[in-house]
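The structures considered in this document are given below.
Note that chain A is present in both complexes that follow, paired respectively with chain B and with chain C.
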Partner chain A sequence: MTPVSVPAKSRHKRSRRPRESASVWVILACVLAVLVLILGIPVIRLLTAALGATGRAAMAGAFANHGETFVHSIVLGLLVGVCGTILGFVCAYVQTFVKMPGKKVVHWLTLLPTISPPFAAATAIITLFGKRGMVTNGLFGMEVNIYGLPGLVMVLTMTFTPVAYLNIKGMFENLDPATFEAASSLGASEFQTLVKVTIPMVLPSMLSSFLVLFVEGIADLANPLVIGGDYRVLASQIYFAVAGSGDVAGAAGVALVLLVPALTVFFIQKYWANKKSVVTVTGKPTGSLKPVGSKAVLIPMLSFNFLWILLVAMVYLTLLVGGFVKILGVDNAFTWDHFTFVRSLGADAIGTTLMLTLIAAPLAALLALAIGWLVVRHLPRFGRLLDLWGMLGVAIPGTVLGLGFALAYSSSTVLFDYEILPPLAGGLAVGGGAIAIIMVFVARGDPTGQQAFISALQQINPQVEEAATSLGASPLTVVRKVTLPLMSSALVTAITYGITKSMTTITAIIFITTPETKVMTSQILDEVDAGRFGNAFAYSSLLIVLVLVVLGIANALLRQLNHSTRSIS
Partner chain B sequence: MTSSITNAQTDGSRLSEGEQRAGTLVLQGISKVYASKKGDFRAVDDTNLTIRPGIFVTLLGPSGCGKTTTLRMIAGFERPTEGDILLDGKSILDISADKRPMSMVFQSYALFPHLTVRGNVEFGLKLKRMGKQARRTKVDGVLSMMGIEQYAERYPDQLSGGQQQRVALARALVMEPKIILFDEPLSNLDAKLRVKMRSEIRDLQRRLGLTAIFVTHDQSEALTMSDVIVVMSAGKVEQVGTPWGIYHRPVNKFVASFLGTGNFIPGVVEEVLNQGQNDCKAAVQYLPPAALYRLKTELGTMEVSGVPGFVPGDRIEVVVRAENLLVGPGSEGEGVKIPGTVVSSAFDGEVVHYQVRTQAGELTGSAPGADVPVPAGTDLSCVVESRALWAVPDQGGSQSK
Partner chain C sequence: MSTKIHGAAVVAATLSIVTLAAMSACGKVDSSKKSGSVSIACSQQEDFCQTITKAFAKSSGIKTTYVRLGAGEVLARLATNPGEFDVWAGGQAENHLLADDKDWVEHYVPKNTNSLQQEYKDSKGSWTGFYTDSIAFCSNTSELKKKNVKAPTSWNELLTSNLKSSVAMPHPATAGVGYMAMYTQALLHGGNQQAAIDYFKQLNGNVMQYSKSAATGTEQAGRGEVTVAIALDSDCQKAIKAGYSDLKTTYPAEGTGYEVGALSVLKNARNKGSAHAFADWLMSTDAQNLYADVPSFAAPTNPKAKVGKDVSRQDKVKKVNWDVRKAADARDAFIKSFENDVASSKDAK
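Coming up: the complex of A and B.
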């Protein structure tokens, strides 16, 4: 075809890439700046320190004694991964396939560990199952040493089972119920269905849960400090290097040893295991799941689940009661002493924690939203990199990230001999180190929200947004008036995670808390360290209640904001 | 004799004569290339088109031929890889979608699920900062024009498909766009409603004097609604013309087979009886010129009009539409009589469809629905109405390159 009217020049003019409007570039610039600050400079500082002479020596030290510390960490990660995934599967199975009274209570009990400070459970477990434990010693007269690997596995499993539980439960809910009907119409018994259909179908999400739990297991610091005993892991070695001998460069070396397996497994999980999904993609699943009735399935599942819930309930009951009695298990007389003490000790910390949280959680959600929006709608290629960068906030073990912050922001940031940032971390910094803590909270709170926004955005028909554009809405107006109202549940997820992470985190800020900026979790850890469990119990209960209150208010506010929001049809 | 001449030359003439009114949209050699691992894929390939204001243009073609991509480039959701889009002679490539004077109606309707019908319709007006009172009046006007005023406070998921469709239309119309774009807007409706909405949309477009660009793969939608049809295939424009012109004077086998049910009977040109004129008037009406040939075919030697430009000896194919192959004893029309044997029949109310075996192979024919269907195996005579025959190049579209 040779169109006569069209000059050859204009026909072959190659157009540039689709032009993004200015607001996209402005937002991208802001996001990049924030990411550089929270996940760029600290990581680079950490790497430079780790690869220096001292760091390299310490790295070798991590492999001393036939790599004992390293192996300890890996073993711990594996055990937590296996136990947590199995328990998560059982809990999710019972929630999805079993009809029983009190199911909702079981659900909330399973989730309880997510909103409590990480070492609260450890403290309670020591009280229950330790040398003088109320159960082991009081009930059975045994002398068990809970410190070390057994205690660690128990408490970390309890802490992270909810992650596997939610992941696997989500997978179950997306399965097409017709699959199970098909299996039974082909003659499979309920037990055979479980083994041959159900488990294989959720295997991908079990695998990905395992990997996530592995990372969490090797990254955790607070629990090894409380209940680790002589079982030295990489995370605690980092801590002792800094806290004991002030050897920050050495700590960085060890941190790198921890960082490599954590990042490797994390990205295997994100980009490989998660892809292998068998969830129905065509059409909406129809019908609903039929409850399983076979005894061969129900008895093992229910008893396993029951034992687990019993353990969780005991731990949190201990926490609750322990705050109101002199010394739980030894002197069970009622007292207000612990709460009185917490009130005087925590007067500042409660306010500070709340303030830091209220600043950090919305910022984290905003960052998550901006990244999600850029990734899904505007920068499909570069966006992947952005997504990955943001995910580093959880992929990097908290201890390591915290160390990076301490390294990066304890002194002023200098670029070409110009001071571009004053010190942000430490007692002498601007705001008494609060800025660095907020930055850590944002880094840790962002990834979950980011994932939620990305998947919510991918589910919104882009035509709905284009319709708004076609009616004259600029890109920002589209987000404000159409996209955001349609993503209210992702927004709730983002804010909820931002709040819980900020209020309960300790690992990531352990190196940057200062006497000027008191944080509740670090004060609780001090009480545990000093052996004042009663105070720690009272303080932990208070923190849990506070988290619930803040979450409640935030949810109510969000619902108010979006009161006209309706489900996407 | 090809589509490019038809539309490009007419473009040229119209541009140079400067006779276009305000609101003329010109696609100037636009292409859209999607890069993929297996190399570049040209979803739209060098498309030229002039769309005069106030007309109803339909982009028609099989699924995947690039209709939606073309429409989205016009709307501003995609940027052409090559070429330019002009509105009133000025390039609009650098104008973002929200600033272009066009509204789009989507196949999925794309209603805002979190807003009521009123909220949906006034969305664009609010962005224009129109006053509350004026907005209300205007929205009410459009809603009652569309007959959906009683649903104003409902949410989209409380409406039937047809009602949602009307809301989508109202939302686009209320903006008073110069150009309104439709991407298969009727494909989610049931058959009856679809036919009803066709005439409603067409009436509205005429009444409001809008330019409409309508995308569909449904030939009867295109034929009944359009002033101009653009037939596309594999990213290229095959033919631009009026519904009548496209149907009765297809430029190639692709166009002929995409519209209607056709039989293709091979033949050879014996003599050119009339070259056919390429007069400007016909071009403006998008009516392709017709030449007259004497052809030798398996049905015998006959005089048939066809695409101009063949010379004696050229191989051609004669398009015989099913409605022009009359089957049965009652068929006494003007034309070539041939014997045939019924292979199968299907009664469809208005007509009876037949498969008949003839000297030219198995052909699709028809008879009026009032005739009692003839059982398979019956020998009978058929009439090929020679007035309605049309000759196209032998290989579909090969001569147009």
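Coming up: the complex of A and C.
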């Protein structure tokens, strides 16, 4: 770097302020416009519906039976949040701190659950561990009732652990190895280091993972339908109100009830995470992380991780094999029937889904980055509102968000008698309803990336950026050249989640798929729904392979950006 | 320096993707607005929808698209997205009548329906039945043996404590069959709805899960997750043919409910001519003959159509005296009381 001459510096000093704020305001305006479109108008339309007489009655109905359904939802969310976060931590820890062969395989296996539609895993789990499950009944002769809370926690934890894993792993990679060296030279055992140094340092991302998992847990409705048994939750109540009775207002009323705990956890998490934030990154990595060798740490971590990987592998092996046999566990004769069926069924849907994903995922990541950057660096007060607003994308149950879209965008959006938007959703819309689906994908894909970016940004010492700024870089240049390379791991999380969420979202688009724009997941749900597990297995395997290919390409591209990965390979 | 290049690449990639999004959105406009196309809401099983739409497109040259949706979902969508579909094919006649009550249906009597039995059509043309099947008990014989229960031939036999958490029942709100079962109970009790609610309260303890769709139960029974499924006989046949050879269909001796799967032309159809053509075609003997090959396992309503050899003979089943109008009128209140009194009650457990 050439030393900066004095005149240049003073020139920058004069012009810096207005230029910086200008670009911040432009980005803020863009972010606000997008948020109004994807999470403003639909939510307002829903609230209007929810606060009408029907909605209020349904709200009261949600607390019938001493609030049993409400409590069920909360318990489910808490269990999924705790189990998923712990598992995610263990997997991330093993990836980062343990030296072992086949780590890349473990990494991809850990990610596997997130790239299949969740109810597909549920069908595999029923096949394996149900009353007549191949493992529980076939192998051990037990009769286990997996339907209800146990099955739900298992499936949902499985589906959402990867979110926590990516989030926490991203944070591990940004830890300063000097901290661990200091702990070790001060005489701490590796176990003590784990408890007193490692865990506290990644607490913010553990808490944000918990938040996302809790909300996913209470919002999911596909799994309660498939494996919920008599464990009734609010999300499925919403679905039955909508799908069965077309009672949109009633569903919106119940959705409001669901929103309260989601927002509560959100505020608790914000408060804690901000208190516990530990700034560790001071710039370029100094040295590399030492692998952990202590048996007290390794044995529990590895065995926990191994059991988890075994479970994942079994479930996805079932999916894979199930696509090639007539009825897995009942009639195991080989057949191509399921794939032939999928080929004729999914001819349009596969291409459409891929295209929608490739458009939506980068947009979602971009939105997440913009929000994260504004929240942490430029607008600490107003930013909280932005953060909250973005998080609504996952805090609002999918069906209801989709319903909000159907309500808001089936006809033209009119403001003061001027048509500002043509219809965007439904078969009559511009683009055959594809635009509304992309908007939903962006809304649903954004929150995780946003959390990842915020966590990562909070870990990066602002002085690094300030240094660049005082050397004359504009805010955008700072993000592009300094901040982004330092949190490439968060970028991977955002893109990965954007892709997987788009390709596997189902509940949010049930109401806006159209004859012109067919999506793979809704066709898979139909197969599960109709009880044709074989077709669902085949279609899910195909979807997984497609997601893997897309993710592989995205990862390869992003790796070039990654300057700070210091996990031991 | 390499950072700079990468940064630029990322920005360029993002821009090009945004442009692509805008372009692709524009490119798809209008693809469906030609009069030579028809858009169908299909409330039947996926393979059935696929075969029917393909066959129609082939015989008429009209571009045919469909979305498979449950009857309840179609009703919800007609409310939020009017004008999206031209025709609604499948689902119980009651649901079509409900849509007609809301003024969403254009009355049209398709050709080829003169020979149809009176119970399979509406004289005004608000709906026309194109298939029919009945509620049955779809039991897994090896599970029955383990539980020491014989295949049920009466509704009351489902209440035995041997079947605790072993019965599958479709949710009345989403699956037409669930509601059919409820309304059947009311008819069996001389129209007393409270008696029907009481029956399902008793049954509640034996129900493992209220499934979203009717066919789920036959699958669960086939795998032995449940012992008996309250399901359509056609779905049970379908599961047996799919490889669940343990399954067996029985009917309640006191009488069972049946569905008339109906077709209606929707109001404000963009492609009215094509919609009428589709309705005419679907009722033709040629189209109804397709059922035997799909195979749908539901019986075609056209008396001249051939009936597949594995289709349950509907004329042999003892049925209740079904009234489409009354069944439609009772639906809303009945389903609400199911949600409030039955599904959430723990009394019976």
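Rule of thumb we're sticking to: the second predicted complex is superposed on the first by the 353 of 569 C-alpha atoms of A that agree within 3 Å, B and C clash if a C-alpha of one lies under 4 Å from a C-alpha of the other, contacts with A are read in each partner's own complex, and residues count from 1 in each chain.
Everything below uses one rule, namely that a contact is a pair of C-beta atoms (placed from the backbone, for glycine too) under 8 Å apart; a residue touches a chain by one contact, two chains touch by 3 or more.
Because the structure is a prediction, the values reported are computed rather than measured.
Chemist: Under the stated touch criterion, which partner chain does A:M100 make contact with: chain B (first), chain C (second), both, or neither?
Modeler: Touch status of A:M100: no partner.
Chemist: Name the contact category of A:P485: first (chain B only), second (chain C only), both, or neither.
Modeler: After superposition on chain A, A:P485 lies in contact with both partners, chain B and chain C.
Chemist: So which one touches more of the residues on chain A, chain B or chain C?
Modeler: Counting contacted residues of chain A, the larger count belongs to C.
Chemist: Once the structures are superposed on A, label A:M142 by its partner contacts, choosing first (chain B), second (chain C), both or neither.
Modeler: In the superposition, A:M142 contacts neither chain B nor chain C.
Chemist: Who does A:V545 touch here: chain B (first), chain C (second), both, or neither?
Modeler: neither
Chemist: Between chain B (first) and chain C (second), which, if any, makes contact with A:M355: first, second, both or neither?
Modeler: second
Chemist: Chain A residues touched by both chain B and chain C?
Modeler: On chain A, the residues that contact chain B in one structure and chain C in the other are 481, 485.
Chemist: Can you name the residues of chain A that touch chain C in the complex?
Modeler: 61, 64-65, 68-69, 126-127, 130-132, 145, 147, 225, 228-230, 232, 237, 239-246, 248, 326-327, 329-331, 341, 344-345, 355, 358-359, 362-363, 366, 403, 406-407, 410, 425-428, 430-432, 434-435, 438, 480-481, 484-485, 510-511, 513-516, 518, 523, 526-527, 529-533, 560-561, 563
Chemist: With touch defined as at the start, can you tell me which chain C residues reach chain A in the complex?
Modeler: Where chain C meets chain A, its residues are 3-4, 6-7, 10-11, 13-14, 17-18, 20-21, 24-26, 28-29, 31-32, 39-40, 45-47, 50, 65-68, 70, 72-73, 75-81, 83-85, 165, 171-174, 207-209, 211-213, 215-220, 222-225, 235, 239, 242-245, 270, 332, 335-336, 339-340, 343-346.
Chemist: If we count contacts the way the header does, which residues on chain A are in touch with chain B in the complex?
Modeler: Listed in rising order, the residues of chain A that touch chain B are 1-6, 10-19, 21, 461, 463-464, 466-475, 477, 481-482, 485-486, 564-569.
Chemist: Which residues, counting only chain B, touch chain A once they are in their complex?
Modeler: That would be residues 2-5, 7-9, 11-12, 15-16, 28-29, 46, 48, 75-84, 93-94, 96-99, 102-104, 106-108, 110-115, 123-124, 127-128, 155-157, 168, 171-172, 175, 181, 236, 400-401 of chain B.
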